[in-house]
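Going in written order, the chains are labelled A, B, C and D, and every chain counts its residues from 1.
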């Protein structure tokens, strides 16, 4: 199969959906000629023009609200928020408006809005440009939350997100944009709410999200040498969450590690651990092990920052311990 | 500054004036009933009455077509009614009944009615200012010539998103009219203590043309809104209309001790001299467009409509418990 | 002991701290003559004047940022955000600024800021005025998060919050303002990070926060008749979280319910359940049971809204089930 | 509009002018070294260079006392240095070393130095506009006569919090000066495509007096800032200073293909004709306040200082791993 980078896969999804549906448009800071600061959208404006690829002022709240209004009235906007840290500025529009309009109106209004934003540390971008804040959005009924981990998933999930009638927040790991992977040529979508077993195994389950899927797969490869068979499950969407897939895997292996790049405290690992602890209670040999980002603002200095994100070595170590091999 | 106050108000056909009178009166009597329902413990939640400000909603919405959009506020009953909402479903919503506009899920502060172009009230001050720009962009992209009106209170001058929104509306020449209901207070704080400088200079700084009108004169409001709406419809871009008005009652129904922020004399003077319903009634009579008995007849018709609406709502069933989990996602 | 309402206890804490420390001041919408919309601060402006009890414009982001700047330069501001739902507007200032300044500056700057805000449904205030969003803040390193459940705790915790050198977000249940309880006359504080056993028991632990403590106590009283002995543990602060108190109680009873008024999905119940599942793994007879608010935007209609918040009956039912009595 | 451009610039003592020259040159050479460190892979993260804008930071900070406060931006090295930061600790911070101003935790976009009144750079556009008001309120409450300068870029006109902040500053007459570094672009977007209307009218709409200066003329910047700072110190309230300037390099060091948003001719013209360091150097020579060799000597001294600073930082140790969990809470 042909290979695309994560960034290319995202662009391809947008191109296809914009071709397919004239109500889809993109708005955000430096999305047009600049093609975003990450160059993910390079050339898109040449294809669709400035009417459908719109450079905005630096107004995260305003642009998100604009997306809500456009979505309520027949368009399918894709709002680009450059860094996930900047959703802090748009939380009222995302949470009090986008997420609630459908419910508050008794189902009369819909907000088919996609907010594409980023996540992830280790770019030495320090505390205000490195956060992975999706746990906040997953907490809010009315929103869907997508965390793709491969180019193929990114493409298929983004297409589903655009076609979805709910507001969807789509988090892209900045460090993954250049990573390549196979992407089918033929049209396809990946449904929201279906987990994917990225590797099957029998001894221990690693539930991993976004950037941490690769880390989990690396850990799994290392553990193979130690005779430990790892299953890696990627929920792909936090909301809807494919609870049964997580629980099934946990029942099979009896040992679970949850790895995620959001802050560990009150984060995604807690929900997933709780879901598994409840659903697979009698099958667990040990408590679900949580590994999130360290509970500190992300520091600038590389020697500090690199400690804050789970590594393959750390995950492998935890797995060995869980399996009584450490 | 391009203001509308000094200009002569263009003549408005008698039929239209009578309809505006009727609409204002409907809002007035509706709100009096809301007050009644609330104080008698039949209406849950909060009730922010529009009494005193009727000319704004009616004058502005008269300048709109059914397919044009409005966004509304916590003080939104008047906007909804003026845009064409039915009294029955309004009352039903206020009482949390299944027959309400939002099936009882929204309540007073969230009434939405897409059929009349009402994109919904908003309980966040300034919360719909950017949504309105989005609806305007959408209208432009879809090639309709719909216009969007964003109603908001003078308290929203404190909210940053208003400026983000106006800036985008101006940049892209979008068909949105910002209608500020300048009633001198946001809750219990005077706007002069909350907004520095000249508020009208704020939209102007974004290059948005402004008009200033007496918000108690529905004819003036209508004339100004009409000009701005037509200009927007022709592709002339956004506009800003400030309507000087006054809420005759408390911030919400329970706000009874108002002396800490405004005087009884001030209230009485407004109510006595600047009642928008009375002002139009007097005009109609003086201009011999209607006589007292004609107005009285309108009054009776409306009262009957409102009474029937209240009864409809009181009799209507509550939602089924199971509806609580519906409409989270489409 | 004398009784005060929850609201009076909060006011008393503010009065005492403002007397004690001239750098403490209050700013927010309608805090002065109006004494807040909940009338909690009535009369405060008469005592301390408009210089220290400052009515602000309706500018949640601006006022919070102002608090950060004042806190960095020698003051101890208490910022009043009327409804907890409005913190959505101030998340950048709370999360990217207040929470991170100390760390980003390598410890050189401090932000001794208190943000007082509200939480809780059942006031028929609908989806934008009823949320309990503290899970977001508990997710962010650098913030402390307080959830008082009684007048005495409210007073003692608020005094500690004001004296703390970190930014503290203090959530008050709107429905509790009129509730009375004993409050000592003598000066005292309640430390942040120490849970309180509100009732001791042996069969089942109910961990409950804020508004849910009373619900848990009511459930406990009902269960007494059924011969089930309930321990009610109130963490009082989500950050720092008194993990050992939670785990100890869980070890003792072997059965745990966590009750909280935030949305259940990705909320506080998940973290607490995960902490307990990990710390008391071998002692649990059943999975930790989570009871949060229903995962829907809060509906207006009373018949709908009342279903969304855990009730004493529901908690008691869950406890019976856990104890094999249902 | 009260603008400062047309007025004659008051005479500034030679000593001061030479110090300003030295400070601008220090920033220039510092930034050239940053570029070098970055392109040679020694500096992690992002580097937003201040080259071309030195006159703004130096002219403004000259008008401040050490105990006055500044807040800064992602393009903040110049502000820090102009307010008195030491080159060694600056470089150390940029390289993530323990000896840096923030012990390596902040990096380029977060340098803070309370000892020189620097409340910190901010990587959120507009993120410090309200913090500055808070510092000004604090100064007033504590009864000091400190003044606060909030540096921000023209891109921040898009951020709502700026208007919330200016409104409060004006309402309460707080000693804060908003200094807009109007360099015509925010990242890769021209400000004229992102900000509608007349930007200077925005602070004015809040009742904040404005001045407009040539941001390449440090003497003009200083004179305007001085007047505003003194007025604020006397209790005259906030002010707004727009400095027309230009970043000579890319948005950050990696921004090399700039033709999609600005022309090479435009850049060359600014660099050739409007270099603030060169402009002051020429003035000094023409006014016979210094000769070429005196300037050359300053240049050498600064280069030596910078070289030593770089070496200090390169040699300095990284933080201990355990420091990662320190300073989350005091």
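Assume contacts are C-beta pairs under 8 Å (C-beta built on N, C-alpha and C of every residue); 3 or more make two chains touch, one makes a residue touch a chain.
The chain lineup, named per UniProt: A, C = Alpha-ketoacid dehydrogenase subunit beta; B, D = ABC transporter substrate-binding protein.
Since this is a predicted model, take the numbers as computed values, not measurements.
Ranking C-D and B-C by contacting C-beta pairs places C-D first. With centres defined by CA atoms alone, the chain at the far end from chain B is D.
In this assembly, the C-alpha centroid of chain C lies 41 Å from the C-alpha centroid of chain D. Per-chain CA centroids place chain A at a distance of 30 Å from chain C. Taking each chain's centre as the average of its CA atoms, chain A and chain D sit 37 Å apart.
In chain C, the residues that reach two or more other chains under the touch definition are 56-57, 59, 61-62, 85-86, 89, 92, 96, 103-104, 126-128, 141-142, 295-297, 299. Those residues of chain D in touch with two or more other chains are numbered 102, 104-106, 110, 122, 124, 127, 157-161, 164, 167-168, 171, 193-195, 328. The touching residues of chain B, counted against chain C in their complex, run 44-46, 96-97, 102, 104-110, 122-127, 155-160, 186-189, 193-195, 260-261, 318-319, 321, 323-325, 328. Considering their complex, residues 157-164, 166-168, 170-171, 193-199, 201-202, 204-208 of chain D touch chain B. Those residues of chain A lying in contact with chain D across their complex are 29-30, 33-34, 37, 55-59, 61-62, 85-86, 89, 123-129, 294-297, 299-304, 307-308.
For chain A in complex with chain C, the touching residues are 85-86, 88-89, 91-92, 94-96, 99-100, 103-104, 126-128, 133, 135-136, 138-142, 238-239, 241, 262-263, 265-271, 273-274, 277-278, 281, 286-290, 295-297, 299. Residues 69, 71, 100-106, 110, 112-114, 119-120, 122, 124, 127-139, 141-142, 148, 160-161, 164-165, 167-168, 171, 326-330 of chain B are the ones touching chain A in the complex.
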